[in-house]
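Here come two complexes built around subunit A, the first alongside subunit B, the second alongside subunit C.
The block that comes next holds the complex of A and B.
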């Protein structure tokens, strides 16, 4: 009873703040702006041999005086073209203002300019014409390249193609997934606000003196944020669905899992930290670590399906490949879900300890020892058994 | 004089914060990480297109010259370990492929050599990988140089909002100093700190990556950019009620300005994306020679922006309804 009452109260607090409205509106515009941005990137990935970054636009200053290359260079975004006469071109080149001067069928470079190398690189790729003569091909297979090297290259190419496909795929648009992460960040920002502001304004002490268990206080904060988040994600997904950006609502399941993980991690960080500044710093670092882990775990999927259960992102791949069965999804989702539950549990425990309000705050190492190592060592033997069973079942499912 | 005293005090405050020092040190890793990222990116680009050893026998010196320019192959003098053996004789091409997988790539190499034979190519001195040069000077160096500015912006807004939250800003305002002086006193240490970092990163980068030009102009440009960002940070944090709010505003401003380059504007509006400071930094740092007509707009635009935001900031500070909490 107390829990639901407090959750409603926290929800009111969130919606009352101007901040939420602002952030919500801004988010909407950011989402609208980011979608075309990612479309550009997926176009770039389509042809991985020729990547022109948006920042490289007009990067290479080139002078041209009547050349068959004029049109094709004008159309290429990387060149900043100066249409000049023969003399002007020569002087521009001499003053190092352009890195290359194209006159008729002669291409002159500003020899020691590093950009001249870049210009040469791009100019060489500019035209692609068939040779005048028909070449004759003979295949004479010999082991001149070590097999491992070939295999590594094949893998790299496959990985690049896979990323490109994923970004363009109709069912699960990676870009929209990334866009939706914004909502998660906003929600975790609110959570930090709810927890840390009580410490900074010292209103948490009053909360602690209420006849309510402290874990209920924390959970009510987490629940209210989760409710806001779920509503928001659902809203964005439906918006995107109607815009035709998402065709399978089902593939958004991993997003909810991710958001649960991030929220639980945030709650732990904000329970531990003393001030906003500390929380902000800790959260940035932990998010970077978390994403590095999640991304690398989904990369495992390429090499071995066994490790893929480590990341909910691999679920996306699974669903996309059409390999999803209900039990398969449950097994892939379970580790993340369990970790999130553990994180919530630990943060609720820590929240109940007075040191985190009144100090002196125990060191990170001490907390780790008390909260993780001791119970973990007891659980370890159990976990090992479960893990063995788990991989077995997973194998069965995937195969 | 009083401004300097305040500046000194602020400087000490900043250096006594452990988190700022940690962030400062973290940036060193970011700088190295970014150079590594550039190298890595260039290496990946190279290795996904690299074919391997190719043996070429040609009676056409132009063809031989062009094919030796191609960075995707390595010309060898014995055919034993070659992936492909190309023979050009009396206008005919024979290709013997040893690894079928590379057939399309070798075809592409030959096509390119034939296409480029029609032009007369000047010489370019060999050096770093062109992809590395491109990504470093067009993306990574601007990011490294903007990083300390963004970081300092946060310190500045923290220090203002903190004073507001603790109600010490009102005490500070009751000191016989003009409000502009107080703000300048707060900005000076930040600018000094930001400038020191920028200079340090430029020094460090020029050790690893030797192709940076017009360093003094670049620093001047960054100072103007700093003036713009820091005055807007003052304006934002005077407006914001809490640290969280001001941080949110600042992050949005940073993203808007930095990622201006990434927004695919339609053709008529494409000049807008050049306005990002990234464009100015790229222009100044990567070109050996500069045209005044191309450089001056950046300085003018950012000077005007800096003046406007300074004006807005001082106007806001003079109104008590913004400087008081609630």
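The block that comes next holds the complex of A and C.
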């Protein structure tokens, strides 16, 4: 009863606060503004001539010998053009100095050079603008011989075509969903405010004198924030769904998992911190570490298709690739959910310790020792005792 | 009723309380006085179940406050600072805390607001209240569940004389009806209100008794106000052990009549005047504690 009363109270306080209203409205406009921005971005991506960044200038070295494409290529900033004779062009290609050699209406690619794929893509786009020219695509002799390289080239071409198709499709709009992280950060901010302000304004002293267990006090704060967050994310996702930006609501599951993980981490940091200043610094550091871990874990999954349980982002990839099965989703989602639950459990335990309110706070090492090492060693001791007893019983049975 | 048995509390390397033993009887108004940092607030936080003691235990009617959380329903706690949420109205705030104690009837809350003189502001947000009003509201919050134990930490600190007088009146209303622990710096307040007083110094109870008895005890030694012609007088070296307090050339000393005769004969030119004074609780405080008020 006390837990539900306190949760409702915290929710009321959140909605009464001007900070939340302002942040909510600003966030709403950012999300609405970001949709047309992403549309423009995806249009730009569809036309590669428009997105030549300063770093991409002269990125592709090509050799040209009297070709009708000379003028078009000369004007394209991504190409670094060598005007050569037919013989010189051939040797530049063999020496891997250029990634392709254009001679007349024939284009030769150095298949050992990864830039050749990019050059091929750009040339294809240029050729679409010059319908009079019909070049014959000729592979370099060395690349034709090993079949593996040919296979690699086919795969690369398929990947390029897929990317181009993706850019034109609605799938790019999933990037829009990144802005939903704003909602998660807002919720984290609210949680820090709810927990740390009790310490800074000393209202927590009253809460500790109430006939209510301290873990209920913390959980009421976490629950109220989770309710706000779930409603908020659901609202954004449905808005995006009706605007046609999301085709599958199912793929949003990892977002909820991520938010739970971030909220639980925030609760732990807030319980440990004594002031906003401390909490701000600790949360920045922990978020950076968390995102670095999650991103690298999902990148690892993309390459190896292993260890999907390390990051909920892997689950997005899994769903997007259509590889999701019920067991796969449980395997990928359960560990993150359990870690979040453990973080909440530890936060609730620490919240009951008065050192985090009054007097000098114990060091992280001491907290770790008391909260993790001691229970673990106790658990191991019990397991050992049980094992010994079990062995004795077995021996007794055998004897 | 309240038994504090061998309670110790350390914060890291700092010892706040050492083997504190105290018994407070039912219906008693007990004053806990002591200099800053003596451990008064730590002691009452432990009684309220806010701080866990490093050693010892606190029993309320033989039940440990840390083992039976429902005991807290019997305690009304007023911290040194009002520490109230500022967004809700006075009525909402009392209703919320009342609901957590299982006692949030609107009638009870309105009666409490009448009692502390804030009924006319019941729908105003707490953030619009002055310090005195907040303190009165905090007092109402401590009483919202009609506890039989009241623990008050410096209830009149920082208040103007009129509001402080009003708060003292509230405390007097509950004398005998409730068991009260009053933590205060103000000796006059302790003298006026308390049935018994405990002097806490450096985490230990150094003296305990009824205010009148404590003053009488000091009177046996006789307290004199000695005014010297010169603050650097040699006389000071002879009586420094008997000086209770000194304000430049004005000394309050606990001496016997023989000492006075000796001083008048030996240092006649250095003494401006000598007169006997009735000891106050502040004198007792200074006699037994190392700090100052």
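By definition in this document, the second predicted complex is superposed on the first by the 233 of 399 C-alpha atoms of A that agree within 3 Å, B and C clash if a C-alpha of one lies under 4 Å from a C-alpha of the other, contacts with A are read in each partner's own complex, and residues count from 1 in each chain.
One rule holds for everything that comes next: contacts are C-beta pairs under 8 Å (C-beta built on N, C-alpha and C of every residue); 3 or more make two chains touch, one makes a residue touch a chain.
Bear in mind the structure is a predicted one, so any value in this text is a computation, not a measurement.
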Touching partner for A:360 - first (subunit B), second (subunit C), both, neither: second
Contacts of A:15 with subunit B and subunit C, given as first, second, both or neither: neither
Which of subunit B and subunit C A:209 touches, first, second, both or neither: second
Which superposed partner A:23 touches (first subunit B, second subunit C, both, neither): first
Greater subunit A contact set [subunit C / subunit B]: B
Partner chain in contact with A:238 - subunit B first, subunit C second, else both or neither: neither
Contacts of A:118 with subunit B and subunit C, given as first, second, both or neither: first
Contacts on subunit A seen with subunit B and repeated with subunit C across the two complexes: none
Subunit A-touching residues of subunit C, taken from the complex the two chains share: 11-12, 14, 16, 45, 48-52, 69-73, 75, 77, 79, 81, 83-85, 87-88, 96-97, 99-101, 141
Touch list for subunit A against partner subunit C, complex: 2, 5-6, 9, 12-13, 16-17, 201-203, 205-206, 208-213, 354-355, 358-360
For the subunit B and subunit A complex, residues of the former touching the latter: 17, 19, 22-23, 44-45, 47-49, 52-53, 69-71, 80-83, 91-101, 103, 107-108, 110-112, 114-116, 118-128, 130-131, 133-135, 137-139, 142, 158, 165, 211, 242-245, 247-248, 252, 259, 261-264, 273-274, 278-279, 282, 286-291
Subunit A - residues contacting subunit B, complex: 19, 22-23, 26, 33, 36-37, 40, 48-49, 51, 53-59, 61, 69, 92, 95-100, 105-118, 120-121, 124-125, 127-133, 135-142, 144-145, 150, 153-154, 156-157, 160, 189, 192-193, 197, 200, 276-278, 280-281
